[in-house]
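See structure below.
All chains are identified by letter, namely A, B and C, in their written order; residue positions are counted from 1 within each chain.
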Amino acid sequence: MTLTVDAVEPVRRKAGVLDRVRDILPKIVLAPSFALILFFVYGFILWTLYLSFTNSRILPIYEIVGFDAYINLWSQPNWYMALKNLAIFGTLYIGLCIAIGLLLAILLDQKIRGEGVLRPIFLYPMALSFVVTGTAWKWFLNPGLGLERTMQQWGFENFQFDWLTSTDMAIYCVVIAGVWQASGFVMAMFLAGLRGIDGEIIKAAQIDGASSFSIYRRIVIPLLRPAFLSAVIVLAHMAIKSYDLVIALTGGGPGNATELPSTFMYSYTFTRSQMAVGSASAIMMLMGITAIIVPYLYSELREPAR
Amino acid sequence: MTIRTITRLAAGTALVALSVGVAHAQEESVEVLHWWTAGGEAAAVGVLKENLEGEGITWSDMPVAGGSGQAAMTALRARVTSGDPPTAVQMLGYDIKDWAELGVVANLNELAEEEGWDEVIPAAIQEFSKYDDQWIAAPVNVHSTNWLWINKAAFDEYGGEEPQDMDELYTMLDAFEEQGIIPLAHGGQPWQDGTLWEAVVLSVGGMDFYKQAIIDLDEEALSGDTMREVFDHMTKLSGYFDENFTGRDFNLTTAMVIEGEAGAQEMGDWAKAEFLNADQVPGEDFVCMRFPGTQGDVLFNSDQFVMFEVGEDKRDAQLKMASAVMDPAFQVAFNTVKGSVPARTDIEDTEFDDCGKKGMQELAEAAENGTLAGSLAHGHAQPSAVKEAVFDVVTQHLNGQISTDEALEQLPQAIASAQ
Amino acid sequence: MSTATASVSPGSARAARFVIYGLLLLFAFIYLLPFFVMLVTSLKPLAEIRSGNMLALPQSPSLDAWAKAWGTACIGVDCSGIKGYFWNSIRMVVPAVAISTILGALNGYVLTKWRFPGHKLVFGMMLFACFIPFQAVLIPMARVLGIIGLANTTSGLILVHVVYGLGFTTLFFRNYYEAFPDELIKAAQIDGAGFFRIFWRILLPSSGPIIVVTVIYQFTNIWNDFLFGVSFASGGGAPMTVALNNLVSSSTGVKEYNVDMAAAMFAALPTLIVYVVAGRYFVRGLMAGAVKG
């Protein structure tokens, strides 16, 4: 859109004082929110940055010592484990959520009877925190209590599902639970995108004799590009911030097999009394987030407004 | 809003403020942050609450469960940083020192002198209850971590003696395996792994080695042959676990021994509270013994209520609480439930069960013979950064993520980077 | 958009429908499993949980565990269940959602209809604020709350949730109002309507879908928050999630899975109700703007 307030210039030439008030009012309305964000987000980021150059341990110390905390951070095997896990978790989490979300959205979009019942079923995991569902999930994935035992009781004697207790596979359990939680939300985003597509385009393609599959592949999915982008951004930031999920399922274990940057940061800041290292890891996480978000924001806001 | 409503509102507010003020003057209260939420523990701390309420002091409970107090320490940081600390906080070992260093704790010297705390609290505990010659905490109890808990029925079926060293322990565990039960119950959480590990260190190397490796952090001791043996034993012991041990809480693990699903568990004496809570009797339903090879040695940790600097209006209630914690009758009542032994040395053991009696006697002897040392896994040997660094290596090794060679290499490195 | 395929033969169309429904039902089954396990477990007595199958229906369903979780389960030394904490959460969630939604709406309005130089930068900065890891702000936040006298109060917790929800609510409303025709605003201005009048009379009445999306989003996030709750409001004023965590860890030697699950159900109910009741508007609201690329 191109019509902003500036475009209505002529009407605004009545009274001087009133005019100025009207001019300033929007800024006054926005100011408190912006001030809160400046202070509580950017102020705190600066504060964290400052702390990462100190030797803070149990509580903040304000004496600068240099890059010690960063050197320490990059010498921690736990940190490398956290990064490796984030790579595995992030890739699978984003990929699977989008694949399943898209599939469900397309299936639901086929004039399904009972859509009103099915949609909340796919969406509800998003409503629940892992503090709530963690117990059930832990139980479900535990070989001695959950799925493995259930299947064996049903007569599948050789059924094995012990990922949660295996150092190599535990991170995939975290992925499963994460996908369960977020894929419904992604589905809703795609469904909204699908419903927004003009039916005429599809009809034209059908008349041309294109198969359903190729209509989706050639026309529909490319049209969903904005929804894809939104989904990736939302999922990427959820992956980086994932915390409850790991704590509820594995507590970072077995060993350090499911450590993620967020759990690393929390434990170094609060339970290991190495606040400076924790702050350094927070800054690293923020840099990672910046690398993903800022190009997106830039391209998004640069485009002429629609 | 008219002027009249404003006046009315203001008057109303003043009235409310006034009544709140009055209520404050009459009613004293303490706010207590702790992580004793498991059944036996909560029952024990309930005793203190009742005693204080008997004196007209309201107990405002602030439990934060999980991970041996980790979430609780986060909450505490937030409270202290905001300048509004709780009255008293349950705390362990080196954490106390850390907080004392920041100058946010109260001075209890007057009360301590009046009640003669210096004479009745052993020096090893005073080390943590005092900072710069200033009493800052009231010790509740002394726990000890190098215990082995055995299901009596399984033990009788085994028919042997109480194992005295690692080899005899394996003989017993093998027998349990033949009985078709899980030989060794273990909960795979870092602090539990660390508790088992420190018992094995003590068993294999003896008290001198423990002090050298864990108190003095001697690099040779940390990566030498004795330590290799320790890690080899850890690998061997892990072969006696069931496959679901990862992440299991200690009390659920104890429950396996109680129910006869498992034969034995290495755990601190807070496990006894779980046995007692299940109406089991020491000597009849379960056996308590020092971890094989650690007879005569005691690794301790002491729960203390650290008193934080609070406003004058809360000071009186705080002192009353400190005094109530140190009350001999309370220490008996609390510790008989909790599984630990009193922090005071001037208490008769008549009220305690056989395990408690044994614990009190061994603690006194160990203090005398110099075979008493702080537990690493429970924050009485090293600051939490070092403790967690050790946990990292021990836990990864126990879960098969790293080999014994790697563990020996990483242990001194991890400790160095945490210091 | 729907592809009712007219060109295919009825037989293969029926087969396709079969596959579609089959897949949807299979996914629905998988998605419901954890909830189902929670529900049936909360209705079983302990003995049945221990001996029986996780997925089996309760032989004689009973609400005893629910009653215990609500009224008599022990959290620390206090044995009065989770009901008090439930109301704590309500007291926190309602104002926090209301305030952050109102502010978000106003911000979105200013950022789209009353633009000023630098509005993109302001919006970008507000949006980036969504991505800050919450663990990083605990300590400075605690200090600030202490200074302004809101430490360990529900008001303090509301402030925290409003601040860290603002980025999201502003994003939602900004994207929604972006698509709102400016001609209407212009016309109203010519008629002499002021800033608030335009907002109140013209934008707000048509903001239904996006308000639903924002409220759902904020409600679930704030209700489910654990980290801020445990740091800034532990003790008697703790929200539901903190109490739930304490309860689940407050196990005696015998872990009462049924009570744990019943308590978890209580914690889940409000958000579930919000999703089920308002869920149909959710997709509509997303369509209307929030999902715009």
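In the analysis below, a residue touches a chain if its C-beta (ideal position, glycine included) is under 8 Å from a C-beta of that chain, and two chains touch if they have at least 3 such contacts.
Every value quoted in this text rests on a predicted model; they were computed, and no experiment measured them.
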item: Contact pairs, highest-scoring chain pair; value: A-C
item: Relative to subunit C, chain with the most remote C-alpha centre; value: B
item: Rounded Å distance, subunit A centre to subunit C centre (Cα mean); value: 15
item: Approximate Å spacing (C-alpha centroids) for the pair subunit A, subunit B; value: 38
item: Sequence positions of subunit A contacting 2 or more other chains; value: 59, 145, 270
item: Interface hub residues of subunit B, defined as touching at least two other chains; value: 74, 77, 81
item: Of all residues in subunit C, the ones touching two or more other chains; value: 138-139, 141, 245, 248
item: Touch list for subunit B against partner subunit C, complex; value: 31, 33-34, 36-40, 42, 45-46, 49, 59-66, 71, 74-75, 77-79, 81-84, 86, 249, 251-252, 254-255, 258, 274-275, 277-278
item: Subunit A residues within the subunit C interface of the complex; value: 1, 3-8, 11, 22, 25-27, 29-30, 32-34, 36-38, 40-45, 47-48, 59-60, 100, 103-104, 107-112, 116, 118-129, 131-133, 135-137, 139-140, 145-147, 149-150, 153-154, 180, 184, 188-189, 191-199, 202, 206, 209, 212, 215-216, 220, 225-230, 237, 240-241, 243-244, 262, 265-266, 269-270, 275, 279, 282, 285-286, 289-290, 293-294, 297, 300-301, 305-306
item: Subunit B - residues contacting subunit A, complex; value: 67, 70, 73-74, 77, 80-81, 98-99, 102, 188-190, 242-247, 383-385, 388-389, 392, 395-396, 398-401, 410, 414, 417-418
item: Subunit A contact footprint on subunit C (complex, rising order); value: 1-7, 17, 20-21, 23-24, 27-28, 30-35, 37-38, 41, 53-55, 103, 106-107, 109-111, 113-116, 120, 122-141, 144, 162-164, 166-167, 170, 178-179, 182-183, 186, 189-190, 194-195, 220, 223-227, 241, 244-245, 248, 257, 260-261, 264, 267-268, 271-272, 274-276, 279-280, 282-284, 286-287, 291-293
item: Subunit A residues touching subunit B - in the complex, by the definition given at the top; value: 57-59, 72, 75-78, 138, 142-145, 162, 164-165, 167, 250-251, 253-257, 267, 270-274
